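One structure is given here, and the rest of the page talks about it.
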Amino acid sequence: MAFGLASQLGYDRAITVFSPEGKLYQVEYAFEAVKRGWSTIGAKCKEGVVVAASKKKVQTLVDFDKLEKIHFIDDHIVTSFAGLAADGRVLVDVARRAALNYRFLYDEPAPVEYVTKAVSDLKQVYTQHGGVRPFGVSLIIAGVDDEPQVFMTEPSGQYMSYKAVAIGQNHHILMEFLEANYKYDLSLDELVKLVLKAFLQVSESEKDPELYEVAVVPVDTKTARKLTVEEVAKHLEEL
Amino acid sequence: MAFGLASQLGYDRAITVFSPEGKLYQVEYAFEAVKRGWSTIGAKCKEGVVVAASKKKVQTLVDFDKLEKIHFIDDHIVTSFAGLAADGRVLVDVARRAALNYRFLYDEPAPVEYVTKAVSDLKQVYTQHGGVRPFGVSLIIAGVDDEPQVFMTEPSGQYMSYKAVAIGQNHHILMEFLEANYKYDLSLDELVKLVLKAFLQVSESEKDPELYEVAVVPVDTKTARKLTVEEVAKHLEEL
Amino acid sequence: MAFGLASQLGYDRAITVFSPEGKLYQVEYAFEAVKRGWSTIGAKCKEGVVVAASKKKVQTLVDFDKLEKIHFIDDHIVTSFAGLAADGRVLVDVARRAALNYRFLYDEPAPVEYVTKAVSDLKQVYTQHGGVRPFGVSLIIAGVDDEPQVFMTEPSGQYMSYKAVAIGQNHHILMEFLEANYKYDLSLDELVKLVLKAFLQVSESEKDPELYEVAVVPVDTKTARKLTVEEVAKHLEEL
Amino acid sequence: MAFGLASQLGYDRAITVFSPEGKLYQVEYAFEAVKRGWSTIGAKCKEGVVVAASKKKVQTLVDFDKLEKIHFIDDHIVTSFAGLAADGRVLVDVARRAALNYRFLYDEPAPVEYVTKAVSDLKQVYTQHGGVRPFGVSLIIAGVDDEPQVFMTEPSGQYMSYKAVAIGQNHHILMEFLEANYKYDLSLDELVKLVLKAFLQVSESEKDPELYEVAVVPVDTKTARKLTVEEVAKHLEEL
Amino acid sequence: MAFGLASQLGYDRAITVFSPEGKLYQVEYAFEAVKRGWSTIGAKCKEGVVVAASKKKVQTLVDFDKLEKIHFIDDHIVTSFAGLAADGRVLVDVARRAALNYRFLYDEPAPVEYVTKAVSDLKQVYTQHGGVRPFGVSLIIAGVDDEPQVFMTEPSGQYMSYKAVAIGQNHHILMEFLEANYKYDLSLDELVKLVLKAFLQVSESEKDPELYEVAVVPVDTKTARKLTVEEVAKHLEEL
Amino acid sequence: MAFGLASQLGYDRAITVFSPEGKLYQVEYAFEAVKRGWSTIGAKCKEGVVVAASKKKVQTLVDFDKLEKIHFIDDHIVTSFAGLAADGRVLVDVARRAALNYRFLYDEPAPVEYVTKAVSDLKQVYTQHGGVRPFGVSLIIAGVDDEPQVFMTEPSGQYMSYKAVAIGQNHHILMEFLEANYKYDLSLDELVKLVLKAFLQVSESEKDPELYEVAVVPVDTKTARKLTVEEVAKHLEEL
Amino acid sequence: MAFGLASQLGYDRAITVFSPEGKLYQVEYAFEAVKRGWSTIGAKCKEGVVVAASKKKVQTLVDFDKLEKIHFIDDHIVTSFAGLAADGRVLVDVARRAALNYRFLYDEPAPVEYVTKAVSDLKQVYTQHGGVRPFGVSLIIAGVDDEPQVFMTEPSGQYMSYKAVAIGQNHHILMEFLEANYKYDLSLDELVKLVLKAFLQVSESEKDPELYEVAVVPVDTKTARKLTVEEVAKHLEEL
């Protein structure tokens, strides 16, 4: 069945309707919002995890310093998303509440997958019940629990564990570069460089450190921190 | 896919339906209501924040003195909106309740972003659940907490921090002027003048002080106040 | 986009749907019900406020004496509406409950704007949530609190303060007359005469005192009262 | 806009949709059910109120004696309706409960308007909220409180006070006769005769006393009672 | 407006939509289900009431003895319905609960009209609120309270008192016979014979006593009982 | 009105819509699911009841021994259904809970009709309220209380008592055979043989005892039990 | 009726609508999602049960080791699903809660069918009520209680007991192989080999042990465990 036909018959206009091929078109359309989001990468190595996001100076009077693309979920977990900004913000809150609840119940840091599953389960609900639309956002949720962890959760509520993953604009180009160059036994510094190098594959990217937001969670501290502009600049120079 | 087609297929007639491009047309249409609203500007400098709104004497018997375009949210926060007036009023109340709750819970003034997020989270809900329409209004929420803050929140529930921002009619012209002339290290008086000068770029504007409502929150007092007509007049003369 | 097209595409058939121009057609259609209502005028001067409504003897056996167009909300506030009669009655009740609650909570008379806002906030809700229609009625709510106050609230939930305002049939003609002749420093008697004179601009009106219902709230007593037929007759004679 | 167009565009198929002219077609259609109802008249004079209904022997085996067209609401209030019989019965119950509640709360008989407003407010709700249809019935509610009272409430929830009013089939003919002959200072007996005479204007009516149900509430007793067939017969003879 | 047009415009596909003529087509369509039901008759005379239903041997292996067409509501009330069998069963339960409640509250047998009204009020609700369909069933509810009573309630929720009434298949033929031959001052035995004779007017009926179910409530005992097959046979013979 | 037209006009696409002929098409369509179900027979005689179902080896790796077509509701009641398997399972649970509740409340075994009515009343609800579909299943509920009982309940919620009844595929052929050969005064063994013989009328059936599941409830024990494969085999041989 | 017609008439676009053939198309469409899922097999023998799933290396940077296709429900029960991943995850949680509740209530391990029924009953609800879509997933739930048990539950909520069953891509090829080669009296090791051999029938499969996830529940331990890569490799070599 051609796309145009599914559309004419209306299989693509409600989250509660399967198409004859067993597809949920509304979930697939939500993915389009993700593909238009700013690109962001998550990756892990033996020494920890890296999450890096590219930013664009589209409006000169936006307070660029305050434009955060990477969000702390807990001491040991960070997230970055691509897609509808307001949807993403809601799910960041969901992730934070999940992490907080876990600490409250078990008195220890939440596993990264626990937080990912909380976000993904809510997403699933929004793909099965009428009167709502799916969340138009994919999130990379990364951190260190017993080991480095990088998860990516899609609008459908599906999530998987990745060694490295890119979402948003140009994610195909970014993924190709990562697939060709990624190794698990990099140092954390090497991984940061690899990720920044990936962004530079995309033609419009520049070596301006202000255009990148980078967070790491090292295995030894299990404490997330964002790199300073100076640190990012140094990494870019050393590429 | 051309606009006309999206419309014919009905992707643009419910908040709970993504178009095949991953767009929420109803949210974009709500933006049109914002664009028709009276223009308003928010800006910050090292000495504080300025919010200024232009008013029009469309009906001569409207009690112009009582026509408020700038609203106090708390001692240290003001807001101004463009779009559907009744929607804006509802969200001003939401902002006030958020600021009040914060004081009640933490016994200190609410951060400006806290209030902005409360308003924006409600807006997001109205873009994802059926049986409602999005709020047809953008708000500039500005004030001083640890530093001067200017946020602008859109019908989608997205918000960002701005150095200076204009919404409503002619916002493109206003933004162009601000982008060309804005500097962060202006004095508060200079910033007021810059903002008033911006309004004068728009052809139909006049130097009548009654046509402008201006509020400032200086960093030293952290207390919002509206300029008197005399003060506005003086600023206009000195341009 | 031409009107006919908006209609064919169905943007005008649900309160929860914005048209591509950012309009809520259902709210605009509700306004049409207001425009067909009997005309009523509210005005204020330094000595108080006047609300005056014209009545028509459409059915001779209607008990004309009992046909009230002006309603007391509290000692110091009156209202008159144009539009769907049953909708107006519901909102008069809302206004009365708001005034009563205020007295109960604060042990003093409600500000006129407080009552107006209560009515307008309910109207806004009926423009944003599905499964209902907007209220097809505009109200003039007038009274004296710290000063004379005249508000007019529209089906959209928007309200403004007016020096003088007319709603219902021929409101354009009435407004034109008021705009040409209104002055704030009239005496209350002069204001009553001005308002009655306005009605006489409309061709079908007559000098029959039974066709006018007039209420005043003087600044000194802050107590609303309706003029007797004799008083209205005297005013009409003196025009 | 022609009727046919409103219909084709669907403005007339939901209570929650205004037509572009600001009309609620569903409420107007409900009126059609009223116009097909059996005719009934309410009238008042200085000595009290009369409610009279005409009945038809459409099915010979209907137990005509038990077919009540006039219902007691309280000692001093009666009602009669035209339109959908089951809808009318529901609203008669609403009226009775309102009268009972009033007695319970204030320990005195309910004003006739109080009861009328209770019925009318419920009607209004059914014209503004989705998922229901308006009540297809108009009621004449008449009685004596401080003075004789006759109200008529429409499907829209609008009600007015009348000197005399007719609803149902041939209501135009009945109203014309009443308008030509009604005087307030009739005796109650004269008013009964006037009302019966009105019915005889309609061609198919006969002087059969069984075809009329007549109730009166005299000012002196404030107690409603139905006339016996003999009384009606005597009145008919004396015409 | 022709039927076909009402149908094409969709006025007949929701209980909450009036047609332009003020009709509720869904209620009228529910009536069609009644007209296809097995015929049943209720009648009263000075000595009591009779309810009689005809049965058909459509499936030979149906346990004909257990196929009840007449249901006891209380000692003194019986009912029989035509239309959708499952709907009828639900309403028989409603009637029984109403009778039981009455006994519980007032410690005496429920008036027949009280029970009829309970059933009819529920029916009315199902004609005014969305998301349901009307009950596709008419019931004859008959019994003896202060006097013999026969009520018939329609899908619309309307009910009336009858001397004699027939519903279901061939109800026009049955009614014609009853209208021609009914007298109130028959003995109960004579009334039973009249009713059985009515059924024999319909061509396919036979003198097989198993094809008739007959219940009586005599005025003296006020206790409903069903006639035995022998009794019915005797009556049939004596015709 | 032809079928195609009802379908084009949409009368058949919601449970809450009567067609102009007073039909509920969705209920009739649910019946189609029943007709495609595996055939099952219920029958009673003076010595008890028999329920027998045919099974097919459609998938060779289905664990045929565990494939139950007959379900125990209580010691003395069994059931078998044709139609949507998951719907049937839900209703078997409903029947069991009804039987359990009855024992709990009255401390004695539930009458077979009590259980049947509970199931049927739930079915009726699903034919009258929107947002659901009817149960696509018919059940034979059989057992012994004061006497042998066999009920069959349809998707509409209608149920009747049968001497013998067949549902599912080929039910017409099975019924014809039963109608021709059934007698109430068979022994239970003879009844089992009659039922098995009925199945053999349908061409594709075989004398393989594994293809039949047979349960009996003898009047003397009032305890349901399933026949062993050996017992079924013996009956088949003796045919 | 051809498929295209059902689709044009809209019978296939809501879970609450039967088609004229008594089909629920939305449930059948959900099945299509299952057929596109990765294939998985469940089988039982006298010594226990085996569940085995094939995995594909579609994205090289997915953390393949963490990609689980087989989930533990309790010590003695495992499950694997084909279809929408997020839906499957939700139902795995449902199964776990059911098993936990059983232990909590009865203090012993839940029967495998008990868990299967809990999952299936929830699925059924999602096929009968509006505003939701069916679960687009089939699950194999296998374990050992009194004996080895393998159940498979479909999107419709129907479930059956199987000796061996395959779902997902190529399920027809897998089933054909199993039907031809399955025997109940295999040892558990032989059964594992049979299942792996089945996967190799599908052309694109390889003898790479990382591509298979295998779990067993032996009758003697009643404790589920997953085979190590080495164990799977050894089995593959021995084929």
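Labels A, B, C, D, E, F and G are assigned to the chains in the order they are written; within every chain, residues are numbered from 1.
The criterion applied here is as follows: contacts are C-beta pairs under 8 Å (C-beta built on N, C-alpha and C of every residue); 3 or more make two chains touch, one makes a residue touch a chain.
Just so it is clear, the structure is predicted and the values come from calculations on it, not from any experiment.
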Chain D and chain B - chains in contact with each: C
Chain centre separation in whole Å, for chain E relative to chain D (CA means): 30
For chain B paired with chain G, centre-to-centre distance based on mean C-alpha positions, whole Å: 54
Sequence positions of chain E contacting 2 or more other chains: 15, 130-131
Topology of the chain contact graph, where touching chains are joined (line, ring, star, complete, other): ring
Residue ranges of chain A touching chain B (in the complex, touch as defined): 7-8, 12-15, 25-26, 29-36, 59-63, 66-67, 84-87, 89-90, 93, 126, 130-136
In the complex, chain B residues that touch chain A: 9-11, 15-24, 117, 120-121, 123-124, 127-131, 150, 156-158, 160-165, 175, 178-179, 182
